[in-house]
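Presented below are the structures under discussion, each in the form of structure tokens.
Two complexes, one shared chain (chain A), two partners (chain B, chain C).
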Partner chain A sequence: MDRFLNALASGVISGSLYAIMALGLSIIYGVSRVFNFAHGVVALIGGYLTWMFLTRLGLGLFPSMVLALLILFLAGWLLYHATIRGLLRKPNWEFSTVLFLLGLGILLENVLLQVFGPRVKAIPPFVPFDPTTGLGTLRVGPVITTWHDVLLVLVVVAAVLGLNAFLKWSWTGQAMRAVAASIPGALAVGIDIQRVFALTFALAFLTTGFSGVLLGTKYYMTPHVGWEWMVKGFVIVTFGGLGSTTGAIYAAAILGIVEGLVSLYLAPIWVWPIWFGIFLIVLLLRPQGIAGGRL
Partner chain B sequence: MLELRDVSAGYGDMQVLRQVSLRVEEGEAVALFGPNGHGKSTLLKVIAGLHPPASGSIRFRGEEISGLPAHQIVARGLVYIPEERHLFPDMTVTENLRMGAYNPRARRRMKENLDLVFDIFPRLAERRGQLCSTLSGGESRMVAIARGLMSAASLLLVDEPSIGLAPALKGAVFGAIGRINREAGITVLIVEQEIQHALQLCHRYYLFKKGQVLFERSASQADLQEIERAYF
Partner chain C sequence: MKRNLSWREVALVLLGLGVVLYPFLGGRNNPYMLHLFTLFFIWAIVASNWNLLMGYAGISSLGNIGFLAIGGYVSGILSKTFGLSPWVTIPIGGATASVAVTLLLGLPALRLKGIYIALLTLIFADSLPSVLTQTRGVTGGAMGLHDIPPFFPGAQKIHTYYLCLAAFLLIEFILYRVVRSRTGLAFVALRDAEAFATSLGVSFYRERLKVFALSSFLTGIAGGFYVHTLGDISPTTLGIEPFLLAIAMIELGGVGTFFGPILGSAIIVFGNEFLRVADILRLTLLGAIICTIILFFPGGLMQLLDRAEAWVRGRMRRRPEPA
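Coming up: the complex of A and B.
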């Protein structure tokens, strides 16, 4: 029973990281119907830039992250106006945006490899911990965890609530939902579609970069691990319902817990086959996902 | 207030509008009659910036607006209410109406306009918290018109507001458009097939066929037989 609860807790922790990681993918798809195949490398860039400002410029963790996320916000905005905007005008935009973003992902992966090298990098945790001495660890009943993991979950919850409040209450957030629901309707009420698309990419890149920072504090980063992150994000957003933020959060929680339990009762090596088994079954039975395409 | 001169437009090689000229004066309600598929909706879309004109001039309050993006035309106070409604299904009635007030001018007057809209459409006040995907066809049409009203427009282009509605609802929708024009002082250009209803609220009408204006008449001198002949 103790082992079960511990596996559940670790599932919740990784599930919350997957949730925030998948959000950026879901927002872009929900608003613009573009699937961002460069998603994983965008997350990695967030992590790597933070790591660089932290270790090379000697900034603190928080300022390093803010700076990295600001750069990603601008990069998303710029990328939209410089490339995606033109591609969306083409008749076969669905295919050309996918190919373009896939190519961009491979290009940036190799840039990361050139700049940072192939060796594993990690961002230090918010609260240092050491299980051997008990430093920074925490015991809740039978569950043993670290303050870092607790903070990770809290930060993710706060970020998700913040993002939902933004989508629900701000003019820009509502305009994003309106564009996601009906482009002709959005045009009729006078929404500047190009501005909304550009802000969507900017906001999604920021969120994705943020998830990369969090993943970098929990796991590790190499220039190649972004593809694994993206595939996980892809499974989550499809499982949850493409374009649905709430669906993505449920899906991430379910898949995180599945991962924790499979790792405990079978072996970590079974996580991916079982994830994809579930994913394919959901895709066959309910192709619109568990929440069905609502931003 | 609105003046079109020799406006032509089409889709690919197909020409839909052939040198259309018309005008709408401030405070007027003007109807466009004519058989379906002859370019009336396209004309409204061209004026609203949703479809590009091939040539010609569109002036709104003395300013050339042809070629401007749709959101800039809305910001100037010219708003199009699409026949297909194009509501936001996963938003509530109030959220849809709030989106109607998206342009900066309208945001300042959102509260008053919301009161006005709920006064004209009491049914929507009852349904304000409901998702638009759960509304009936008539209620959806009311939301579309009300959303257009929220925009603080000075000129509304209304595309077939009564299509597909039950007779009683048609009366309600035309009554609301009449009030919008008379009491709120909003100029209206309306495309309709319900000629009798439309004539009650309009000052003038144009007969539109094969992408061209056939003739223009004052509503007080309406000749129903002449209109009917033009349809065939």
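Coming up: the complex of A and C.
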């Protein structure tokens, strides 16, 4: 029972990280129908830039992160106007954007490799912890965790709530949801589609970069790990329903818990085959995903 | 019926003759070039079949390297472990790839569109390495499968060259006939106007399954030729680099054109080898090539060739007849 509860807790923690990671994919797809195949590397750039500002410039964790996310926000905006905007006009825009972003992702991944080298990097945790001395660890009943993990979950919950509030109540967020619901409808009420698309890319890049920072504090970063994060994100957003943010959060929670339990009762190596099995079943039975809603 | 040969047909025949005669024009003493040509034959088969799915049928598959791996592994394991002749195991490998792909991807793809198929096929190919690790007793896991027997005992580079050339020509011929047949027309019709095509009696289900079965069978065969040529295969074949190479071949040559992917594979195979000096920058370069082509030359080299030809013809027509 104790082991079960601990596995559940670790599932919730990784699930919340997966949720924030998948949100960026979901937002872009929900609004613009572009599937970001450079998603993993965007998350990694967030993590690596933060790491660089932190260790090379000696800034604190928070200023480094803000600076990194600001850069990603601008990068998303620029990328949209410089490339995606033109590609969306083509008749086969769907697959063109996929291949373009895939190529861009590999390009950037190798730039990261050139700049930062292949060695493992990690961002220091919010609260330092050391399981051997019990520093920074926390015991709730039978569950043993760290303050860092608790903070991670809280930060993710706050970020998700903040993002939802933004989408629900802010003018820009409402415009995004309008575009997601119907482009002709949004045009009819005078929404500038190009501006909304560009802001969507910028916002999604920011969110994705943020998730990269969080993943970098919990796991480790190499220039190649982004691909792994991204493919996990793909399964999550498909399971949740492409373009649905709430669906992605539920799916991430479910898959995170599945991961925790599978690691406990079978072996970590079975996590991916079981995820793939779930992915196949969802695609066969309910391609619109568990929520199947829109943004 | 008598007609003038177009310059393209002439060029094609000359290039074909050049490739057939190459070993006797000095290539025999250059095993490295023979090897590169052999790789080109195999990759051209892969790229052409990928193009059949992606270009002609408009199915956004990202998993064709997986088809190659299945065919290669099955043929390699059967011939190495059970000592069967590669001539038996290569078709078995192709058939296995075809059955597996049609069941696991073709059937789900009947209900899916666009991005969902891209995700399904990508995740399918991405899962294969973990399947290989699970079955490491048979497949060698991460170490890969080594010492796979050649096509026949004592086969030399020049034999492999001609065998792969024959496979390449045969498969391209089959693809050419398919593309020009009613089936090929049905693929294109379903891609461009699904409702109209089905209203004319084209069966969506049958044609979709057919294109998956055919493309994966022929790619699986290419996988067989791949392992018996190289002698080993490992999960790195399923890694990012071969995948990008194949995508770059199709995009560079021109998606949906018959000769585009063949031209693309020639350039990428030879270019990639000459870029070995650039080492890890190669992948950066490949990514940049793919991005540039999609942004600026979406039709690839075949479209550039068409435009160049139209431009030359326009110039020739405008020029006044010499008095």
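The rule is simple: the second predicted complex is superposed on the first by the 294 of 295 C-alpha atoms of A that agree within 3 Å, B and C clash if a C-alpha of one lies under 4 Å from a C-alpha of the other, contacts with A are read in each partner's own complex, and residues count from 1 in each chain.
The rule we apply is simple: a residue touches a chain if its C-beta (ideal position, glycine included) is under 8 Å from a C-beta of that chain, and two chains touch if they have at least 3 such contacts.
From a predicted model like this one, the values you see are computed outputs, not experimental measurements.
When both complexes are overlaid on chain A, chain B and chain C end up sitting side by side without clashing.
Legend: residue contacts after superposition of the two complexes on their common chain; A:M52 is shown touching neither chain B nor chain C. In the superposition on chain A, A:L67 contacts neither chain B nor chain C. Touch criterion met: A:A181 reaches chain B, while chain C stays clear of it.
Of the two partner chains placed by superposition, A:V127 touches none, neither chain B nor chain C.
In the superposed model, the angle subtended at the C-alpha centre of chain A by the C-alpha centres of chain B and chain C comes to 90 degrees, rounded to the nearest 10. For chain A, the partner touching the most residues, choosing from chain B and chain C, is C. Of the two partner chains placed around the shared chain by superposition, chain B is the only one that A:W171 touches, whereas chain C remains out of contact. With chain A used as the common frame, chain B approaches chain C to a shortest CA-CA distance of 18 Å.
Taken together, the two structures place no residue of chain A in contact with chain B in one case and with chain C in the other.
Taken in their complex, chain A has these residues touching chain C: 29, 35, 83, 86-87, 90, 94-96, 98-100, 102-111, 113-114, 227, 231, 234-235, 238, 242, 269, 272-273, 276, 279-280, 283-284, 287. Interface residues of chain B, counted against chain A in their complex, comprise 48, 50, 69-71, 73-75, 79-82, 84-91, 95, 98-100, 102-103, 107, 147-148, 151. Only residues 171, 174-175, 177-178, 181-182, 184-185, 187-193, 294-295 of chain A touch chain B when the two sit together in their complex. Residues 54, 60, 62, 104, 108, 111-112, 114-116, 118-120, 122-124, 126-127, 130-131, 133-134, 240, 244, 247, 251, 280-281, 283-284, 286-291, 294-295, 298 of chain C are the ones touching chain A in the complex.
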